[in-house]
Amino acid sequence: MSESLERGLNKLRSQIDPQVRSFFSTCVHCGICAETCLFFTETRDPRYTPIYKTEPLRKLWRQEYTFWGKLAGKLGITDPLTEQDLADWETLVYDGCSMCGRCSMVCPLGIDISKIIFKVKTGLATAGYSPKDLAETTQRAVDIGSPMGVKIGALQAQIKHIEDDINLKIPIDVEQADYMALLSSMEIMYFPEYISALAQIFNHAGVSWTLCSEAFEATNSGLQIGNTEVAGVLVERIVAGAEKLKVKNVISPECGHAYTAIRWEGPNFIGRPYSFKVVHILELLDELQQSGRLKLAGMETERLTFHDPCSIVRRGGIDSEPRNLLRSFTENFVEMTEHGTMNWCCGGGGGVNSNERAEPVKLQAFNRKKSQLDELDVETIVTSCSNCRLVIEEGLEANDMDINIVGLTEMLAEHLVDGTAH
Amino acid sequence: MARMKFYCDAERCIECNGCVTACKNENDIPWGVNRRRVVTIRDGEKGERSLSVACMHCSDAPCAAVCPVDCFYTTADGVVLHDKDICIGCGYCFYACPFGAPQFPENAAFSSRGKMDKCTFCAGGPEQDHSSDEFKKYGRNRLAEGKLPLCAEMCSTKALLAGDANVLSDIYRKRVINRGASVLDWGVNYDSAKL
Amino acid sequence: MGSIIDGSLWYFSLTVFVIGVVWNLVRIVFGKRKADFSIPRDSAVAGALRTLISRFIPDRHMLPRISLQVVAGYMFHLGLFVLLFFAAPHVRFLDEHILGFGWSPAPHWLFIVSAQFAFLGLIMLWLHRVINVVSRLISDRGDHIAAILTFVVMLTGCLALLETFNELRLLHRLSVELWLIYFPFSRLMHAFTFVPSRMFTGAWFGRRGVGS
Amino acid sequence: MKFLSIFALLLFVATPLAGFAAEDDKVHQGIFVENPGTDLWRDVRQRNFAMEGSSQVKSVDSNILINPQGDEWARFRVGVLVRFASITLVIITGLLLLHYVTGGRMKIEGGRSGRVLLRFSDFERVAHWTLAIIFLFLAITGLMLLFGRPVLIPLFGHELFSLLASASKEGHNLIGPIFLVSLVLVLVRFVTRNIYASGDLNWLLKGGGLFGRSHVSSGFFNLGEKAWYWILILAGLVISVSGVILVMPNFGQGREIMEMSHKVHSIAAIVLIAVSMGHIYLATAGTEGTLEGMKTGYVDLKWAETHHDQWAQECQDKNLTISSEEFARLQGKAVDKSSTVAKEQG
């Protein structure tokens, strides 16, 4: 047995806690989860059944934690987890699962399947079975500070652009600000509108905020690939930045997995609670709106819908906030048939979008979103995750669909009454 | 050997149901099971007749013929009995019997009838004579005590007779000779009388 | 043979069942879990209770695609529940041999109808398991053994319905004993572990403020 | 069958008349008193109808003194039915064996093509096998009750057979009603494909290709299959309805209805068992590749062209056939899907 395999197995072993035990001994293999998974529904390949993706961990559990597995071991009949298994499941787990967690919502026995799949990922990553692209981005994130290789220089250049554009100063490294905003590399590179929207909104509402030159990157490749150590390192950077600036709150940007990484898993990755609070930008905007600090004018008249980013809505609970915000400045907001916590994923979450190899499967999985959109006949899709936005843009293009896609924050910024509210 | 038979004299039976009561009491029969019953034909009309019926202990019994588990047997006395340990409660004997003798303790849905029960000529069953098992399953074994079925013994008008077929037919012949004509023919005093 | 089935094997199987189930549940409920350092958005307890109940009802939009499993599943589980706890012979048995008290059993027809539901449901569920590619792929030996063993228990019970042949009763009891012994080591544990599983997941969703 | 007792009863009833006739002349000379019993007893003994009286005892048929039909039914049950059933089952077994040994097994013409097409959905297969399992269970337990006495009692003895018969009867009664449910599933699911279509007559005239070596053109189901479907549905419904009557004695139906139901139930069941043997034979040993359709849901294109050429053509026109690689993928047997896809793309 190779050393890396041994490491992977040990990692997997360490993942077997009472919950996993409960989940595995509960699963009756009814197959209902398959119908919740867009990778299955769009390909009809039964190997994409969510619970099947957890097979390596289940096999290990069966082998080492159950009566029959131990008995078989005593009798010398073992069916150990092999390198081949890990290699086979690498493609299933990394290419064929966007960690959207829809399966966890539907399982009649209450198994949090996507949580187990993440545990499988950690084992695979430790054993070295992870896609080349993801491994590279993870390395970049550790070395450079951004998965896309965005350095502070690039951000400063972008900020300069924006400041000229909107005539507002974007605060950097301001100590004791109320809020420290994080960004995802994608926003810096592809959607700088988000940064200008932030500046405009916060200026309008009189929010004291800052960016941190040492910790501006919100994304967490460690979470995507399943490397908890790297994830911890990346979270640690943000914590250090926030503690150095002594901010009260950290704002998670419009990025799905960043929210999960910084808001929910971060304290666990580093093994201690934060000294600050983490809010998602939508939570903050909704709060501002509720407290009357946002003065909005004009209504969007086009027919539009909201795409729920899985990590933010289904796995993050921010369900009513985007809807409240949208209703305050749109007239023609329609919901997809399955929305909110039961929304269908764009198909590119969980690192699938950063994984070149998964491209064909991802496009096939997008058919689900396509048929949802076809039903609605909308002009615009609003979302609040830059990854979803990229994937949907790509999918719309591949399918020759003429629909705009915008971020919720920037759309809101367009409706601000000029000048500050104060 | 004797051939045991019942005979009911329709000219004498007054539908008092004494035989039914005697049977139920002697054999501890539960509600719903009627080993013996009195049927009245043309009740309240001219020519009304009553007859007490139970298992007739046929020589070639149809119940025995159709029983899928072959639980019937005929004793040396010519009494048709069945083995409740073998009976599966299918109800075939009830379909086949012309007299409606086979009875079932239950009559619930999905054919849960319980085991068949019928008149044993007060001769018990295949169990040890006078054992409590025998009494529980089949009732009294009077024959083994040298007694005849209680229904006939109790009959107040001696309409219901039980015993050896030859003896019964002798009794009956004498009755007919003495009686001459139907005692119940109410028409005698009026139209039909040509005195 | 009969005395073993009615005596020592019965006590053995009951012991294995009770100890096995309790041990499994204790390990799951009281096992060491990592603390969650994140600040909850909402109540974990409320989420756990909500999910415990809500997962009885399938998602509306999913239903057309999983109707067979849902309908057959409900038929089987409800049928089995009624027949297990409300059939007159079972109530009598529980009263006389285990609990020392009884309750009024279901009428005979309800007992039979629930058994029919259970049979039809189980047959269709098992067939779905071997026919549907997804469930065939993910099912293992344990699933089939559990289904077939349960079927055998139900079938022997059904064959012994007349309640007169001791051999048939013993056969039913023997199959029940095998089932009880197999229970804590198998997929059958889901009859108990669905509660902690749903509550774990519900608590997780509850902390994050997701209505699951 | 003779019942001495019935004769005895008749005899007793008749004797008063005889005795009266003899004595009358002596005692009441010149007076003729009609015996009021004669007409009555003649009515009671009438064949073909049971005379109703009244009784203090209230239970099913308790007011009927004599039911003469029981005798007829008993003769049917132990004579006609057993003979009919055994002869039918022996003949059908013989015919099927003969067909098989004379090389009647129909092969796929020209071998397999490597392309497959979907014939039966998951639900259709679940419905089929549910019905099949229930049917086999009911057929076996039913035949046990029918042939048990002549065949199994000599083998096992009364006590053991009684146990088997009790188990069979309880099982038959409990599972029986489910048959109706699964039959309705099959009825509803397959009815549209089993309606007579033009061309079916031609299939019939050519004997369905069963005896020759040539195959006859046909759609999704050929006339033989359609006939089997309708036999199944009709006989199945007859069996179910009569079975429900037999299994629900609590509604107070009398013996006559029960006897009638039993006759209908058993004859329809024998017919269905016989025809189903043909169905099972043709689907397994009789033709190559047919069983796959009910196992995986997919059949080989060549099989479809051999047996159901019109349907095969329709599917090809609609581009519904898939390659065996695609089939393997849908079965979850793809080795490494994403990498092969990537290769194709690259």
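Each chain gets a letter, A, B, C and D, in the order it is written, and its residues are counted from 1.
In the analysis below, contacts are C-beta pairs under 8 Å (C-beta built on N, C-alpha and C of every residue); 3 or more make two chains touch, one makes a residue touch a chain.
As the structure is a computational prediction, the values presented were derived from the model and not from experiment.
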(request) Starting at chain B, figure out the least number of steps needed to reach chain C through touching chains. (result) 1
(request) Report the pair of chains linked by the most C-beta pairs in contact. (result) B-D
(request) Averaging only over C-alpha atoms, locate the centres of chain C and chain D and give their separation in whole Å. (result) 35
(request) Find the geometric centre of each of chain B and chain D from their Cα atoms only, then give the gap between the two centres in Å, rounded to an integer. (result) 39
(message) Report the inter-centroid distance (CA atoms only) between chain A and chain B in whole Å.
(response) 87
(message) I'd like the Å distance between the centres of chain A and chain D, where a centre is the mean of that chain's Cα atoms.
(response) 60
(request) Would you mind listing the residues of chain D that make contact with two or more other chains? (result) 162, 166, 169, 173-174, 177, 330-332
(request) Pull out every residue in chain A that's touching 2 or more other chains. (result) 46-47
(request) Would you please write down the residue numbers of chain B that are in contact with two or more other chains? (result) 85, 88-89, 108-110
(message) On the basis of the stated criterion, which chains touch which? Give every pair.
(response) A-C, A-D, B-C, B-D, C-D
(request) Quick one: which bits of chain B touch chain D in the complex? Just the residue numbers, please. (result) 5, 7, 9-11, 15, 17, 20, 32, 34, 37-43, 46-47, 49, 51, 53, 56-62, 65-71, 83, 85-92, 94-100, 103-104, 107-111, 113, 165, 169, 172-173, 176-177, 179-182, 184-185, 187-188, 192-195
(request) Write out the stretch or stretches of chain A touching chain C in their complex. (result) 17-19, 21-23, 25-32, 34-36, 40, 46-47, 49, 51-52, 66-68, 104-112, 115, 263-268, 271-274, 277-278, 313-319, 337-338, 341-342
(message) Which stretch or stretches of chain C touch chain D in the complex?
(response) 68, 112, 115-116, 119-120, 123-124, 127-128, 131-134, 136-137, 155, 158-162, 164-165, 167-168
(request) Sort out for me which residues of chain B touch chain C in the complex. (result) 85, 88-89, 108-110, 112, 115
(message) Quick check on the complex: what are the chain C residues that touch chain B?
(response) 108-109, 112, 161-162, 164
